[in-house]
């Protein structure tokens, strides 16, 4: 599969309180931030793209190959899609040290070493996930996901469990490497500023639907809130 | 409604047990059960008295009695246990109430025609069920028969031990053991009729003794029952089930 | 006091403990993660040996393992030996009898695993079997230990089923629990007392071990 492929998603799924109906594309080398209030269907969307869930109807395709296509009955299992996925937590295996985690499904040991030094965790190679900080764990999770040379990177609120400082540094590291990756990257977050900072494009999802108005509305009130804070502190 | 149930239950449990008791309670070794189940209604027909019986192994009954179980009469499968009770002063002098016989029972009809000695040595047999030779009188008797016939050493490796004569029969009737050295009375049961038997003549008769327990509060009824056990009517019932 | 029954009891408990994880783990996995029609039926079937009176279970095993039973006939065709009244026979009975006690702690351990670990494994390209061996098992060692120790202790005390299918053959199927029972029946109360006393510290030790493992988890 050619690396420079575009992800195209058009799926519908009926959920508990509403119906998910999303249609978008994401190009190789670009990061699409997926934002929305909690319960909006962001995680379900990621899971459908990953192949962990099936939509009621629709397609998930990368380039010319469709992984999911309800019309023709195609469904490729998650393990065969060669994805990278980073969860908020519990991505790493607790029973293995960092190096074994990163190298878990990778065949290229040099790549493993390079990634670990790129993310600055080479010195933690022998430590268990429980013995390192949350930020270090997420770095290791990134390495694990990228060690397989995936064709698509899915990030499900990877920084949400971290403190503000760690979040900021990881955010900027991600921004630095995303163009090198040359694959589509989907980044789910509830943090609007993060979305604006990282995203080459923004997919706002509200109640299962793509809703750019919701996003602009949110950004507006956020900015006015910030400006009132700054005004307050300058006094 | 919910409150009435526990109240009624308590009432029932607290009522003096004599309200529900039979006129006589006997402890009966299990092998004699088929015969006793006919003797009890016959006794009732004759005297109007009800007898309640507990059927289990002699060993268990003995253990219960020396720990104070409230039986009136003890009917064992051997003489040893009643003698032991007598020696302990727990019962009156024991008397013999039946003589049992060990038979070879099997589902394989061909084996019965050979006679028990040839049957046991038949190459098609790999497992012989026998009652625990230490605790079951039928087991001891069977063991003596095998020893008398000079077969004990040869056959010992093929023996499987049942805890009771009932279990021995179970091993044989399920086919787990090829033959069983059982009590004669078992051949008269429904399961027993599905197979065939041959009398193990070298097995000494199993002398089954009984005694009246000193703790009994129904001495008169017990005496009547014991007398009944010696009657011709009971003799006929015993014969029917292979006892002398 | 006879020593052979203790050796047999230990041997039975040891082999049961060793073999049962291979049967129990896949079943526990299926019950913890599987979603299929008839799952509650499988669950009930696995729990059955725990609910049935040992004599009932023992009787059915006697019929199935006997020379005319399905399993018994198969065994005799292959080995020429009878399955009932043999050590293998009581071992098989022990495996059946202990299955629910092995499956339940394992299932509980598996269900405690975060589902995202398994999804991670899937995304990283592992098949279900590979995920089972490389992710589920290594993260359920506490459950495995508890399961094994419980099964060991339970096998030591097993009586009813062994009595039904064993035939109390000295050196082959006359385990400690049966020997103690026979001693009581024969009014050899001193022997019975001594043998029981020997089993108590072992059971106690096992329970202490289980508690420590559970506390550490």
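Letters A, B and C name the chains as they come in the text, with residue numbers starting at 1 for each one.
As a convention for this text, contacts are C-beta pairs under 8 Å (C-beta built on N, C-alpha and C of every residue); 3 or more make two chains touch, one makes a residue touch a chain.
Note that this is a predicted model, so its numbers are computed, not measured.
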Neighbour overlap between chain A and chain B returns C
Most remote chain w.r.t. Chain A, using mean C-alpha positions, is B
Taking each chain's centre as the average of its Cα atoms, which is closest to the average over all protein Cα atoms shown?
C
If you average the CA atoms of chain A and of chain B, how many Å lie between those two points?
79
Centroid distance [mean C-alpha coordinates] between chain C and chain B, Å:
35
I'd like to verify one number: the distance from the centre of chain A to the centre of chain C, where each centre is the average of its C-alpha atoms, in whole angstrom.
46
Listed in rising order, the residues of chain C that touch chain A in the complex are 114, 116-117, 119-127, 135, 138-139
In their complex, what parts of chain C are in touch with chain B?
59, 62-63, 65-68, 82, 84-85, 163, 165, 167-169, 174, 181-182, 184-187
The answer for chain B against chain C in the complex is residues 57, 59-60, 62-63, 126-127, 129, 132, 134-135, 159-163, 170-171, 174-178
Under the touch definition given earlier, write down the residues of chain A that touch chain C in their complex.
50, 52, 77-85, 87, 89-96, 104-105, 144, 148
